[in-house]
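The first chain written gets the first letter, and so on, giving A, B, C, D, E and F; residue counts start at 1 in each chain.
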Amino acid sequence: MPLKPIDAADAAPEVRAVFDDIKATRNVPDVNNFWKMVAHHPETLKRTWESLKEVMAPGALDPLVKEMIFVAVSVTNGCAYCIRSHEAAARKAGMTDAQFGELMAVIGMANETNRLANGYQVEIDESLK
Amino acid sequence: MPLKPIDAADAAPEVRAVFDDIKATRNVPDVNNFWKMVAHHPETLKRTWESLKEVMAPGALDPLVKEMIFVAVSVTNGCAYCIRSHEAAARKAGMTDAQFGELMAVIGMANETNRLANGYQVEIDESLK
Amino acid sequence: MPLKPIDAADAAPEVRAVFDDIKATRNVPDVNNFWKMVAHHPETLKRTWESLKEVMAPGALDPLVKEMIFVAVSVTNGCAYCIRSHEAAARKAGMTDAQFGELMAVIGMANETNRLANGYQVEIDESLK
Amino acid sequence: MPLKPIDAADAAPEVRAVFDDIKATRNVPDVNNFWKMVAHHPETLKRTWESLKEVMAPGALDPLVKEMIFVAVSVTNGCAYCIRSHEAAARKAGMTDAQFGELMAVIGMANETNRLANGYQVEIDESLK
Amino acid sequence: MPLKPIDAADAAPEVRAVFDDIKATRNVPDVNNFWKMVAHHPETLKRTWESLKEVMAPGALDPLVKEMIFVAVSVTNGCAYCIRSHEAAARKAGMTDAQFGELMAVIGMANETNRLANGYQVEIDESLK
Amino acid sequence: MPLKPIDAADAAPEVRAVFDDIKATRNVPDVNNFWKMVAHHPETLKRTWESLKEVMAPGALDPLVKEMIFVAVSVTNGCAYCIRSHEAAARKAGMTDAQFGELMAVIGMANETNRLANGYQVEIDESLK
């Protein structure tokens, strides 16, 4: 009963155009299931891809750092698909095992101290205002 | 009725020892309210500080990247104190306005696409297994 | 080792009475696994069903809108079971593919802008107070 | 522009009846702002109070344990009002400073290890299935 | 130390152009603090506004329903600014007190049953696959 | 492509030492997959185990209460692995079916009332300040 992924062969022209741009930009033979599902709403597909392409491009932060930030958000939210796919993207961008290990350690500590700050109801320091 | 921050002057010796180590390690004149509140449970104070010191030390990832990951988690969780204090720490570690802007943009997009992946119930690609 | 669903045939009378009311109210031949699991605590089964029946009944909001709100919460929380079952309920209540697509788009944008508001630490406007 | 709390003096009879039951059950001179706000929707006020009264009553778990679980959820969700009010309720039910300290420590560790489990994408052990 | 809102008078031309479009589209004399803060990163300002304008426009769902979905996500995430500003937007789009009351009731129940589904580890029904 | 669990036989000496301490402390023949995955970063393995051992030890709160708090956090975060493994740990520590049922009921109610407090934007009572 859930929706099924839309393959390029069955896609409307405006969907195929986005798929083609993803494949060309990322130099991959096919797009991930994420895009094949979001393709059920072509406007969301186009807007999401163009936003992501702009946001994840090299800039003041390099692509590996951006992918690790993406992983940090996905792990905090518990999105299994996102963790899997962005861990893969981060490794493709050069993330080593040691970097992955430290990334997980920081994510874990941040989630812990966030709750200590909540639970102790810490007020913002004058020096931080 | 909530607990009050514990100042160094009123602190037990094992608390003061941790405060001293924080001040020396970070080269700051006083510790933040976070530590003065967690000091109500000296074991948690000591364990949390020692864990944080180990995790945030330079390693395979540099301290600025670690602070930005901390901000990404804190923003996703909506912890106002943590956002404020770790934004400050990231800026102290060299984060520019442009980097902050891109950090926010990546966090925003990741939170959006996490929910698109959830909502469309995307299955993990064979190539990612 | 986890608990198993309780089928009507094996259920205590007070559980069966709730199952019967769910089936009659929704005009379905059997109850979902959700209810067969919560049936392990009959008080919670009864209270949850009666609360849900009251809350989801037609009122100032129509049932389709209520089901879409339920989906929005479930997607934000990442509850896979809830997303699946309430997407099904929303479609049964008349949700079209186009409505589902827009629902996902709004959920995605809201999760993105929620984090931009957190990250930029936006203060409430005077005009909104 | 936001809604204002409804005081007993200005409340409709069905609201006042709930307020009276809260005051009698908890032996307090007035109800908290939470109830005065939810009173804007009398059905939700009545249903929420009756559900809470049933769920928080002494049973297989004692009231202090139930209040600490309430705090754990509220800290994890970052609900400032709920943390404040249920910390107060837990202290009224007998929670000591040492118990509060351990409660915070467990909440912190659970939030950390939840993310390590997510991030490392740990599969469920055969022995736990 | 945190960033300050950027007023139109002090804004770069590309920021002012977005502000002008927001004011014209919404027929308001000034933009909210949200936009004045995101204006620190003009690319994010432009992309977020254009995305939001597209997503929130009337379509298969009417604007009031979209604003209520926005509120549901914001309440679930606990974003105080977003709750305040989108409650205001929903009321401007016609939300009555009775609709607000039912909206809150549905959000509450969904958050409760999401956790019951998680906690009882409910498996997806064959009929929902 | 994801990491694989590290078995004791293939583990470095510092990893095996932690595994041995877990097995001895918990009196179990093998460690869970959680530890075999975190073992990819031996520093995180050691720090997390030692922290958890300290935090979960009997103290002002008994081990069963601590495990139930762990479950409450895990259910709220929706971490399936953590729910499964800590439900098992709580049952091993003596949790009855009736206690599990009440635990779920409290977690559910807390998640509901957290959102009602958010949505109604309840201000903290003077008596709670």
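We adopt the following convention: a contact is a pair of C-beta atoms (placed from the backbone, for glycine too) under 8 Å apart; a residue touches a chain by one contact, two chains touch by 3 or more.
Predicted model only: the values in this text are computed from it and were never measured.
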When the contacting C-beta pairs are counted for A-E and for B-E, which pair yields the higher total?
B-E
Comparing contact pairs by residue number, the option in B-F, D-E or D-F matching C-D for over half of them is B-F
Distance from the mean Cα position of chain B to that of chain A, given in whole angstrom
21
Just give me the whole-number Å value for how far the CA centre of chain B lies from that of chain D.
27
Among the residues of chain C, which are close enough to touch at least two other chains?
1-2, 38, 40, 43-44, 47-48, 51, 55, 76-80, 84, 87-88, 98, 101-105, 107-109, 111-114, 116, 118, 120-121, 128
Residue numbers of chain E touching chain D in their complex, please.
78, 84, 87-88, 97-98, 100-102, 104-105, 108
If we count contacts the way the header does, which residues on chain D are in touch with chain A in the complex?
71, 75-76, 78, 80, 83-84, 87, 103-104, 107-109, 111-116, 118-121
Seen from chain B, its contact residues with chain A in the complex are 2-3, 5, 32-34, 37-38, 40, 44, 48, 51-52, 55-56, 59-61, 65-66, 68-70, 72-74, 76-77, 79-82, 84-86, 88, 96, 98-99, 101-103, 105-114, 116-118, 120-125, 128
Please name which positions on chain A make contact with chain C in the complex.
1-2, 38, 40-41, 43-44, 47-48, 77-79
Taking the complex as given, what residues does chain B use to touch chain F?
1-2, 43, 47, 51, 54-55, 128-129
